[in-house]
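One chain, chain A, appears in both complexes that follow, with chain B as partner in the first and chain C in the second.
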Partner chain A sequence: MKRFVLLILPAAVPTALVLGAAVTMGVAQSMGLTPVAGGPQSSLDAYSAVASSGELAPAVVISLSIALVATAIAIAVGFTTALAMTTTRFGSKVLKGLAISTIPIPHVIGAAAIGLLLADSGWLARLFGSTAGNWPQFVAGPWWAATIIEYAWKESAFIALVVAATLSRDADELAKTAAVLGAGPAARMRYVTMPLATPALILAGTLSFVYALGSFEVPWLLGRAYPEPLPVLAYRLFTSTDLEVRPQAFAVSMVTMAIALVIGVSALRLFRRQVVTA
Partner chain B sequence: MNRRTTRAAVTATATQWLLSAWFLLPMIPVMLWAVARTWPAPLPLPSDWGFSGFLDALHDSATSAFGASLILGTLTAVLATPAGAMAAYALAYGHLRGHRSLSVLLIAPAFVPPFVIVMGLNVTLLRLHVPSLAGISLVLMVTAIPYTTFVMRSAFAGYDVTVEDEARMLGASTRAVLTRVRLPLLAPALATSAFLAFLVGWSDYIVTLLIGGGQFVTVPIRIAAAASGTGNEPVIAALSITAAAPPLLLLVTVGLLSRQRRRRRASANPVTHTPAYLTASGALR
Partner chain C sequence: MRSRRPRRRLSNAGLGLVALAVAIIVASATLAPVAFAAPTPQASAWANIERTARGQTVSLWMWGGDPQGNAYVDNVLTAAAAKLGVTLARVPIADTKDALNRVLAEHQAGRTDGSVDLIWVNGDNFRTGVQAGIWKCGWADALPNIAYTAPGDPLLASDFGTPVRGCESPWHKAQFTFAYNAARVANPPTTMPALMTWVREHPGRFTYPAPPDFTGSVFMREALYATSGGYANVPASFTQSAYDRLTPALWTTLKRLRPALWRAGQTYPKDSTQLDQLFASGQVDFTMTYGPATLTALVAKGTFPRTTKVLTLKEGTVGNASFLAIPTTSAHFAAAQVVANLALSPEQQAIKADPRAWGQFTVLDVKHLPPAQAQAFANLPKSNVVPTYPVLARHANPELSASWIPKLDDGWRRQVLTGGE
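Then we have the complex of A and B:
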């Protein structure tokens, strides 16, 4: 027993310390504690300041929308890819290889690549012979299209591989059994494939969602300057030369964490229920 | 074949090609720009070919950025892989009190955005005078632990402990059981978990940026700097290929090696582990 406790410490202690310190200090600094000058007084001023500056609400809406749309596309594409990977030869060879190769590409590179593809001087604009001003504003446009596509691209590969790993184990056997028992394609999808894939879809989808919600570099490179999503807003306030707005950076950071936690916890609940009933 | 099945087959083929294009398309301009010397705007292909992007990147200290990324990736793997493996072992066989809270704790960093962690930790690291490389490695290790622990937990779930008993009955010492039985059987899962942890360090941007304060320049930082400006396409492409190639080569090599191994000893039963990609997304962020 003692030996096992010792074995878990190298992972548990740094995790607890880092998360504990980050959250405690984040909350404290968002409430104006440990200020740069003046005595400690706790208040929610930073939260109301960033809210009344009209920056927080758009940031929440934009971040949630980007994450939601990107994850929805990633789930649709990823699930279709997973089905192709587990049922066809082409899928199990070519698509699987392509999805695996997408995985180790860092998101910064993904963002740079999507920029080279979709910008108004990008490759697609050149291929379609679009003249200046004609090309839709994917990069830095009002619909955050390039940002959403980058997330959807990378995360669809991830979701495809996670779901395919779950399906490959026993989906084929079960589907054949169901077919012998008279289930048509629609019934097999509804009663065999979907129940098997749903827990994996929930887990992978949640990780993708939380990632898209909290990642800085992709919207910073591919998005527009204003309004800003949560991580970009937090980063700008944090690195601002005006130290007075530092607590607001932490207020934005804590709001982001709260959203991520609510989504993470509800997904975990949903996941548990799915696993139990499946 | 009736008309309905023909149509279904056509749809299936079209879907497969569309999906292939979806995964492949974003990397095509990168590959073209990497070997383009001049590529004026309306042309669909470069007008002159060459490696000026790579040469410019080299001139602009790309090698030191490459080295810095390599150090971060390696440190993260060296720190997070054994920690995750030991934690997974303890969770699998330890019957620990607070088993569930410990599991939640070790998976939690995957659900907290990295910028939240780094911003919160920054003042503490500064006050304690933690050197920036140590601070970066600590945060990256914590970010990688959910993935290494998860991979090793699924490996232990498929691990047959009775093999160790058999070895012991045949006279193997505790040490021999560890080095001759347990480690070889868990090697594929350990490799996967080390690969994922390496990727966490290799592809990190925000942790290095905020804790390193611009002093610690990695390949992602160079790429972001180049991509935020204009007219740097060849350098962006060259750096992107430089950054994407090592993990891809590693993936292919590990894949080929494990296939060879599997063929060589079809009778032995290495633990089927969670494939590299299973938990990779987090790693690749």
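Then we have the complex of A and C:
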């Protein structure tokens, strides 16, 4: 146990310092303690202002919805891909290569590419000879389709790799043993594969959910003017030429962080229970 | 007793600094006249600035959405700056607010070697910077090339109602302009109300960028002038009573326009770049810009349809000037001034005014330039798409004071974007 703690220190200490400084500054700015102009004054005005502006609630709803749908698709696609990776030759070569090559692409590049692909005057619309008005509104449309597709595409590769890594070691052997003992495909999936994969699915799913909740560039590029997801709202307030609005930007960021924390902690509890029962 | 030691040490350090400063001032005061037999004190001061500037690198933060502007800065202005020993590095940004935010953050952190040396700025961004005290001031009036501008030019003396006071040096003049595709708009409207009527009669063929985007915000001010019966009826400086009296008509008009906009007004382009893309791909029939001179090149390159025409409105459109400002966090004050002065020189202003280079209107008083330099402006090519600046600016409307802008942007969000009928 002691050695384990020592080993993670080089990673944990800088992370804690950077995160601690950022969160402290965020809290201080959201409470009006470091204004650009005028003297510091501690208050929760920024929180009540942003809550009463009627922008916060729709932002929370739209952010959670996008993250939920995108993560659900990513889990389904990622898990299936992981199964194919660990059980077929095609999967272990081609799919794994595809997933690995997806990881280093930054989300902002992915979002720009998805935009070029799916926009009304985009590549696919031209390929299908679609005239203005009859192409589905993926980009800037009411269902946030392009945003969700971008997250689902990037995160499914991530989930596939994480789950495949946990499955690859013993799943095949255990499944074979189970088969020898008379377990059919459904039983093997239920009693061997799922219990092995679930902890990894919970962790990877939580990471991608929290990422989708807090990321700015994808909904900003592919989304619509209203309602705004939390990070887009925070950014607009942060860049407002009205300096008195800046604390509100940090209030929105703190709210986003609180939601992410609640989700992270509950996922961790779920993860512990899974590991214990497994 | 414990608290005394550091305090004393501090005052020692302070004394040392003061002594050093005195020594430097005395030395420079005695050395300067020997080193430079300059004709006037200003010229010698400027020679000092040019000498200090040599070897420095200036980071110019500017909106990067105009490839021609980027090319002009990278190829022409940077080369001319290099001749003066200054390295010019352009930092492209999606919105001038990004540069402002960087400076504000560095200002809060107390940095004096900030990453921003020069910002292309005007309007509410300039005003916000003045409020936060992040601009170096008084330097722009002392630039040698400021002599070529018209004394008391109202567009250069105040920036959206904020007095300039030498805190920024003029770079371009601009005239807000609508452009349309003549192949699709047979009888173009000639007034703002007629344009609104056209929009309602042709659903889905018009939109504007969502304020607080710069261009969308200007469109909204044009609409405010129209619904108020002309700019003369809108007081230049913000008052709540004027806002309460004038904006209901504006919101009603824009809300009535909404169902006839692109995507039925359910969403809006994020910025003028997206609106230009919609226009270029034929999804809308109008676009709008605060830099109309760039239209010539966009048509020549085939980005915009060949039938693109500028819409001149009878009541005129708003005009402004944009500037270069130096933040207090810059460590390269001298070099930044040298670049600002260079950008203001008749040679650079004439190259920049050529639509093949960038096509930004000059801030200089061309009528009173020395003949050789005036000739460069007379030789500028004529455009088939864009009328000349005097024609465009014939009925120029003044900009509202910058204090209006956040209020109007905010009102638009509440009333038009999220508000019901």
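The criterion applied here is as follows: the second predicted complex is superposed on the first by the 259 of 278 C-alpha atoms of A that agree within 3 Å, B and C clash if a C-alpha of one lies under 4 Å from a C-alpha of the other, contacts with A are read in each partner's own complex, and residues count from 1 in each chain.
Note that a contact is a pair of C-beta atoms (placed from the backbone, for glycine too) under 8 Å apart; a residue touches a chain by one contact, two chains touch by 3 or more.
The structure presented is a predicted model; accordingly, all values stated were derived computationally and were not measured.
By the touch criterion stated above, A:S121 is placed in contact with chain B and with chain C alike. Applying the stated contact rule after C-alpha superposition, one finds that A:M194 touches neither chain B nor chain C.
Look at A:F238: by the touch rule set out above, it reaches both chain B and chain C. The partner that reaches more residues of chain A, of the two candidates chain B and chain C, is B.
Touch criterion met: A:A140 reaches chain C, while chain B stays clear of it. When the two complexes are overlaid on their common chain A, residue A:E155 makes contact with chain B while staying clear of chain C. By the document's definition of touching, neither partner reaches A:V275: not chain B, not chain C. In the superposition on chain A, A:A225 makes contact with chain C only, not with chain B. Contacts of A:V61 after superposition on the shared chain: neither chain B nor chain C is touched.
Chain A residues 34, 121, 220, 238 lie at the interface with chain B in one structure and with chain C in the other. By the touch rule above, chain A contacts chain C in their complex via residues 34, 36-37, 54, 120-121, 132-133, 137, 140-142, 220, 224-227, 236, 238-243. Put simply, chain A touches chain B in their complex at residues 1, 4-5, 7-8, 10-12, 14-16, 18-19, 21-26, 29, 34, 77, 80-81, 84, 88, 90-91, 94-95, 98-117, 121-123, 126-127, 129, 131, 150, 153-158, 161-162, 165, 204, 206-208, 210-211, 213-217, 220-221, 231, 234-235, 238, 249-250, 253-254, 256-257, 260-261, 264.
For chain C in complex with chain A, the residues that touch the partner chain are 95, 97-98, 100-101, 104, 107-108, 124-125, 127-128, 131-133, 204, 210, 212, 263, 266-268, 270, 277-278, 281-283, 402, 405-406, 410, 413, 417-418.
For chain B in complex with chain A, the touching residues are 12, 15-16, 19-20, 22-30, 32-33, 41-44, 82-84, 86-87, 89-91, 93-96, 102, 105-106, 108-121, 123-124, 138-139, 141-142, 145, 149, 199, 202-203, 205-206, 210, 220, 223-224, 226-228, 233, 236-237, 240, 243-244, 247-248, 250-251, 274-278, 280-282, 284-285.
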